[in-house]
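The structures considered in this document are given below.
Same chain, two partners: chain A is paired with chain B first, then with chain C.
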Partner chain A sequence: MININDLSKVYKTYHNEVTALDNINITIREGDFLAVVGKSGCGKTTLLNILAGLLQATSGSFDYKGISVVDMNKRSLDQYRREHVGIILQNFSLLNDRNVYENIELPLKIRQYEKRKRNDLVWEYLEKMDMLDKINAYPRQLSGGQKQRIAIARALASAPDIILADEPTGSLDESNAGQIIDILGEIANNGKIVIMVTHNMDLVSKCNRIVKLVDGKLAERS
Partner chain B sequence: MFGFILKEIFMGWKNNLKSNTFMLLLCIIGITGIGAAITLNSKVDEQADKFKEKYEDVQFYTISDNFLGDKAIEISDINNKGKFAEFLNLLNSSDYFDYFMMYENPVNIENYAGKESNIYGYEYSSDVSDHHQVITHKDGVERECTGVKGFLIGDYVIDYFNLELKEGKVFEANDFVLNSDKPISVILGSNYADEYCVGDKIFVSYLFAEQEAEIIGFLKEGTNVFYRDSYTNLDRYIIVPIFVNDDCNGEEIYNIPVNYIYSVRTSGVIATRLSSADIKEIIESYSKEAGFITPYYVVEYDPTEKVTFGVGIQDIQFIITLIVILAVCASVITLTLCLVHRIEISKRYYAILMMNGCSGKEILCILLGELFFILLISFLIGCIVTVLVSGQFIVKVMKMLLLGSCLFGLMPGIISAIIFLKSDLVRYMYEEI
Partner chain C sequence: MRLLRKSIAYIIFIVFFTAFFLLNDVLNNYIMKLELINSYNNTPYNDHAITFLIESYEGTTLELSGIESLQLLEGCVLLKYNPQKNTMHEVIYCDKEAIEITDSYISEDQWTFLSGEKIAVVGCSSSYSLGENVYNDGFTYIVSGVLEEHISDAVNYGIFYSNCDLREIDAQSGYVLTSNNPEHVKRAYKELITWLEEKNIAIKEIDIRNAEFSDFIEYNRMLDYLMVCIVIFYVIFIYLVRLIWLRIKREEIFVLTILGYKYVKEKLYLQYISLWGISFILSSIFFLLMNKNFYYGYLSVFRLSAAVLLIALLSTFKMYRNAKYLM
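Moving on to the complex of A and B:
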């Protein structure tokens, strides 16, 4: 479970300050497929980056399983992200000089899984994503939908508890977008926390929770 | 994690082969240059120590006259022969120093069969053909001769400088008296040993004589004498005597006017424990006592060996060190720029690693790991080149080279680490390709 209490993030530049998040309070449980919606610049990505341990909040707290993440030092944050978080982005963020197998294997190597276990997990998730025939293909040889499936496989391979998806269907057509949302929904149904940022209101119907951000503040929740 | 970092380093090497090869070449140039400078400096120190050890606190000075321009009358006036003789007498009998007649001058050898590197002026010109010429000698015979490096010496030089022979015998007293009925005795440096033998007869002509000479010995390799401002290695020289007699059978024996011969005899080397100021004062007083208007002066010494290029080793040391410093600075700056550029183009890659669980420290290890391997390979190649050039494995030099390699990589490593740590990798996660 994730507890967010009075979370704020202020970006300070030379000339001014920008409040990206302003006293956000949310509780997210296992099995939640949460959509965070709002216009561009409302703080959605900032929230995701804080939840991923990539950004430090300015104030407030954010606990995961009772452990405060905001109080963690850099090393602990890296550990938290490695053990609990999988990230899916709009631009897929695949390594273009490595094939599908090597891209999915990457987080497993970072986590020092044994070679045999890595191999088993890569094959398992490729099968789940129905991408076994593309195992040796390179990203440039894949369609947008296929790339996003690989990105999802990579995010899931290390069995994180939290999946953070920032506009995962942003580069996809309607058909592929629907498939990706279905996959994310299934992941949530399997007991993971899935938090998806989107500004496509057509997709949020598949989610079981929605929060709306307006100028960094929580405007609505459902 | 070490294995993962290592694999990512090699993956990065493969993907950036051209730029890594360029950086490797830069490092090899820089580190090999450092190795060359360190080896040269250690050799210079070794030599300075060697001569200091051999001669303890003896100072060497070379005497030289200044009879040029309007002062040339001092040497051209035949009536001044007595002044030169008196000056020579004062030098030979001085209580303040030991004096040795020594003079460097080319010697012509007929039908020269030795190496080109022994030819006079070899270091200064790629074309030594000027030193091959047909000379018509006093006997009217035209001979094809080559001017080679020559060292004219008086007696005591061999004993004082402990010039050891690897073969043959040294000059005896009667070798310093010219006799037209017998060959001149000559000694050759070790660089002649492949082409000539003890007992060979050659025709030589130089300041003092033109006649047949017999090779009586070869010097050991690495033999030195002090001359002018530094020690001169004699391996590529022919050593000939400065004769003490002025005539032979009642006739003057020289190829040039007698005053110039005396000038040669009085342009030798002083060995003393006195300071240069004292010696200058003494030589000036001797010049006055002998009756010269323009006093002789002394050339001070440099405790290193004059190498085969005709310049002092310290000059070479300075030039090489300067070139190395410039090359190293240029290499370090270029390497830094290459690394900074590498970070810029790799930020997306680093961001993806970070988003998949890699810590900042691990990514920094990957970045600096590439630099480390480049420096390691450069260090090894630098060691090999240094050993090949110097001909020996000196532990001290290798240690200095290791330190040099570390310092070489220090600035690029620090700057690239700072730039990396200041980078906001998060926004590069979202970078579109």
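Moving on to the complex of A and C:
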């Protein structure tokens, strides 16, 4: 379970201050497929980056399974991301000089899994994503939908408890977008926390929870 | 794919280093010539002595052993400055008339040089006197001549050894032609030019008065400024390379960060140092193979290159801490 309490983030520049998040309070439970919606610049990605431990909150707290993440040092945050978080991004963030197998294998290598276990897991997730025939392909040889499936496989391979998806369907056509949302929904059904940032209201119908941000404030929740 | 990218990176760096060595080589030669001027207290030309460089292609010899060539140096002393041995000077020719005090020097005694006997000629202000032994580089030399007072302290305090065989004097060094009689110097110099011209070898006088920047800056200072400029240039260059390299690596850094890899910075820096290090070694080998006439002097080029590289790498170390902001 993730508890977000009075979380705020202020970006300071020489000239002014911009409040990206303003006292956000949310509780997210295992099995939740939470959609964070709102206009561009409302703080969606900032929230996701804080939850991923990539960005420091200005004030407030959030804890995962009772452990305060905002108080973690850099090494602990790396460990938190490595063991608990899977991140899916709009631009896929695949390494172009590695093939599909190597891209999915990377988080498993980082977690120092044995070679055989890595191999089994890569094959398992490729099969789940129906991408076995592309095992030796390089990202540039794949379509947008295929790249996103590989990105999802990479995020899931190390069995994280939290999946953070930042506009995962932003670069995809309607058909591929629908398939990706179905996959994310299935992950949530398996007891994981899935938090998806999107501005596409058509996709949120498949999420079991929705929060709307307006100018960094929580405007609606369901 | 990765191999291709790595290979391209290595090739770029090897080309850089080879250019770096070649540039250093050119600079090194230039600096040596400046040092040469510097060694003679910036007073290379006067009535009693002329300091000059002989410009020729490598491997050319002067062959001063013939009677004709020795006659043209009559009444003079010809000293050789050896830039590879720093302050080591050699007596190429030393006629009796050029020596203030001597016990044996006459023209025929030049055959002593040909036989390779260890003889030294000293400046008038040196601590050695006639007949004394001078120990240098494991050899003993007998002082057989003391030179007339010269305007340059480098000559007055100098100890000049007779190491060379007159048949194999290279034509790539700096020389001092001096005598107690200015007329001997003028005549010998004129004849030497004519004699060398016949051999297609040119003489270049080192005259501080005609040197660049000489009206504004001392050569001593200029050397320092030149070295500082070279170091700054390389440091800036390596900074820029690092910046470009970080930009190229941005994608990998970001992916490793979101996957929670805890040694991103260390991995990054190790890769960076490996790239420089391996390229440095490969290009050193390449440079050595390219230079068939490898000699001791090149070691100083490598020392200089290695020192500059080390300074540059150490100076970039601090910067890696900010790598995350470049992501």
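Note that in this section the second predicted complex is superposed on the first by the 222 of 222 C-alpha atoms of A that agree within 3 Å, B and C clash if a C-alpha of one lies under 4 Å from a C-alpha of the other, contacts with A are read in each partner's own complex, and residues count from 1 in each chain.
Everything that follows uses one rule, which is that contacts are C-beta pairs under 8 Å (C-beta built on N, C-alpha and C of every residue); 3 or more make two chains touch, one makes a residue touch a chain.
Fair warning: this is a prediction, and the values are worked out from it, not measured in the lab.
When both complexes are overlaid on chain A, chain B and chain C end up clashing with each other. Looking at the shared chain after the overlay, A:L55 reaches chain B, while chain C stays out of its contact range.
When both complexes are overlaid on chain A, the residue A:E127 reaches neither chain B nor chain C. With both structures placed on the common chain, the touch criterion links A:D182 to neither chain B nor chain C. In the superposition on chain A, contact of A:P107 is made with both chain B and chain C.
Once chain A of one complex is fitted onto chain A of the other, the partner contacts of A:Q90 are limited to chain B, with no touch recorded for chain C. After overlaying the two complexes on the shared chain, residue contacts for A:R82 are found with chain B and with chain C alike. Legend: residue contacts after superposition of the two complexes on their common chain; A:E174 is shown touching neither chain B nor chain C. Of the two partner chains placed around the shared chain by superposition, chain C is the only one that A:Y138 touches, whereas chain B remains out of contact.
The larger set of touched chain A residues comes from B, when the choice is between chain B and chain C. Only one of the chain B stretches 38-46, 56-64, 74-82 or 164-172 carries C-alpha atoms that clash with chain C in the superposed arrangement, namely 56-64.
Contacts of chain A with chain B, set against its contacts with chain C after fitting on chain A, overlap at residues 52, 54, 75, 78-79, 81-82, 85, 87, 89, 93-97, 106-107, 110. Of all residues in chain B, those touching chain A in their complex are 1, 3-4, 7, 11, 15, 348-349, 351-362, 426, 429-433. Against chain C, the residues of chain A that register as touching in their complex are 52, 54, 75, 78-83, 85, 87, 89, 93-98, 106-107, 110, 138.
Only residues 45, 49, 52, 54-55, 74-75, 78-79, 81-82, 85, 87, 89-91, 93-97, 106-107, 109-112, 154, 158, 166 of chain A touch chain B when the two sit together in their complex.
If you check the complex, the residues on chain C that touch chain A are 1-2, 5, 251-252, 254-262.
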